[in-house]
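Chain naming follows the written order as A, B, C and D, and within any one chain the residues start at number 1.
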Amino acid sequence: MFFHHATVGATSNTGDREHTVEFRERIRRSFDRQAAMATIGAELTRVEQGSVEIELPFDEKLTQQHGFLHAGIISAALDAAGTYAAYSVIDPDASILTIEFKVNLMSPGRGERFLFRGEVTKPGTTIIVSDGRGYAISQDGPAKLIASMTGTMMVIRGREGIEG
Amino acid sequence: MFFHHATVGATSNTGDREHTVEFRERIRRSFDRQAAMATIGAELTRVEQGSVEIELPFDEKLTQQHGFLHAGIISAALDAAGTYAAYSVIDPDASILTIEFKVNLMSPGRGERFLFRGEVTKPGTTIIVSDGRGYAISQDGPAKLIASMTGTMMVIRGREGIEG
Amino acid sequence: MFFHHATVGATSNTGDREHTVEFRERIRRSFDRQAAMATIGAELTRVEQGSVEIELPFDEKLTQQHGFLHAGIISAALDAAGTYAAYSVIDPDASILTIEFKVNLMSPGRGERFLFRGEVTKPGTTIIVSDGRGYAISQDGPAKLIASMTGTMMVIRGREGIEG
Amino acid sequence: MFFHHATVGATSNTGDREHTVEFRERIRRSFDRQAAMATIGAELTRVEQGSVEIELPFDEKLTQQHGFLHAGIISAALDAAGTYAAYSVIDPDASILTIEFKVNLMSPGRGERFLFRGEVTKPGTTIIVSDGRGYAISQDGPAKLIASMTGTMMVIRGREGIEG
């Protein structure tokens, strides 16, 4: 079949090298200003156009009552990965706001490290849809899918906002 | 009209006083074991049958890049409120697992304190649906709705699980 | 407590009587142009500012394999109710586009009639959030909650759109 | 990288040829009993283990007010595709119930035909997560992604259910 499941790559007006360098720095600077990411120990480990990865070492301070990674922390990392994936396909002077996201929790957050990948499924001038997946990683086995996310992001220019 | 929008109260086999006392303690103990809640500074401030409230003082370590409460932290608190609301309507020997949840972020997380209320919309023997709302609270104005959540929870008995 | 669970009423610049009359007609005209609503037999039975009701008689042609109302039909009616609730709070020259919605199916679609109510939870100049509930109605018992919905709508003015 | 975005194939106890033949027939029979699918003109065009496709010719009776395919019809077809994808990975004597699903509408439903593909992202003994994508197909251009879905399905055995 000619339909592929893969993520639709971002295309619009982002071809030149200068821009490419620029978006990586912009995303890194923004990520570094997110105190919440530092608080949970999240690291920005990969930034491509339309795809961003965040990694998180297991830490007891992030657990739920059974000692696994808290669903809220999984969601925070997936939201961040999806949001920065959207950042990578917009104009340098625009910004991104998460309107909503949905997370499916598939397996307990049990592992030594966690990887969260956000990818742009649908770029757009106003609305961007990102999908994400979270994996638990251990020394003694393959990465395990623990969660998926779909998020809707809004591109903000100038003073517009979703604030009532 | 005779249809009301209000939350459907939980009813089944939970009438006796002993049980009522019991579920509050059980929820409090479980909440206290969630290290992630302590890490973000969340407090369990109200536990009723079918309704749980969690409060969170603003803290710079929980912010996103513009200095507001991070969407992931909002989601973590809403998920916890919805999960414990579900806990309040199940048998003492059962447990709750969040299968999925969706969060709508409506206004920036700007405020001195935040209140997150989770309520059971649909009790059930296997699946429970909870809804939640998050509010920003400031001295100088009314509480502001900043987020809503709908979550699907699964009642776990014995060793069953959603792990593949 | 001073926080209420109720739907936030729409307020902005919609006070005058002329407008009030106008939005009812506009919604009714738009609904009548939705051929899909006629195909499934849906009727627009109530239009208030921020709240719209759609009713649907049971029909065998709308069933799933067990003879109950199909989840897709439930979703179609809930989406329409939520979308028209959003229509009721926007300027006469604007339009509404559903960006996304989530439906929880709580009980089988078993009944003689079904009522779907959409309500605006968060009005806004660009993004509107609507919530909805679906009920099965029978002669011999109370209305039963069968589904809930949260939808995100975008206000469209002029030629903007979410098309990539 | 060793993490792939692709759909996780279903694996458990479904290897023998007899079963393979069986699930196709079972899904086809169930689909044929869904009167709603016939009403909207949906055809089951492909059934593989963990992946199901449904196609729909454009029909004016399925439109919203601007003449495009109604979001509710898109959702109905995506839900069905995701549900039958889940059917393809369960035991012959079990059944599937959609607990909830979320749909993102990305582009107007404009086209001559529409293809909806549902795929199992996470198989499980009790909970199955399916993802879906909808495409508009026209003679004069490539297929266009118009919608995505994530749905949570529950495996039903014997008399259990989510009915309260």
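The criterion applied here is as follows: a contact is a pair of C-beta atoms (placed from the backbone, for glycine too) under 8 Å apart; a residue touches a chain by one contact, two chains touch by 3 or more.
Just so you know, these numbers come straight off a predicted model, no measurement behind them.
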Taking each chain's C-alpha mean as its centre, the one farthest from chain B: D
More contacts between chains, C-D or B-C: C-D
Cα-centroid distance, chain B relative to chain C, in whole angstrom: 26
Averaged-CA centre spacing for the pair chain C and chain A, given as whole angstrom: 31
Distance between chain centroids, defined by C-alpha means - chain C, chain D (Å): 24
Junction residues of chain C - those touching two or more other chains: 99-100, 102, 104, 106-107, 122, 124, 152, 161-164
Touching residues on chain D, where the partner in the complex is chain B: 99-100, 102, 122-127, 152, 154, 160-164
Residues of chain D that touch chain C when the two form their complex: 30-31, 33-40, 60-65, 70-73, 75-77, 79-80, 97-108, 161-164
Interfacial residue positions of chain C with respect to chain B in the complex: 2-3, 5-8, 102, 104, 106-107, 115, 117, 119, 121-122, 124, 129, 131, 133, 135, 143, 145, 148, 150, 152
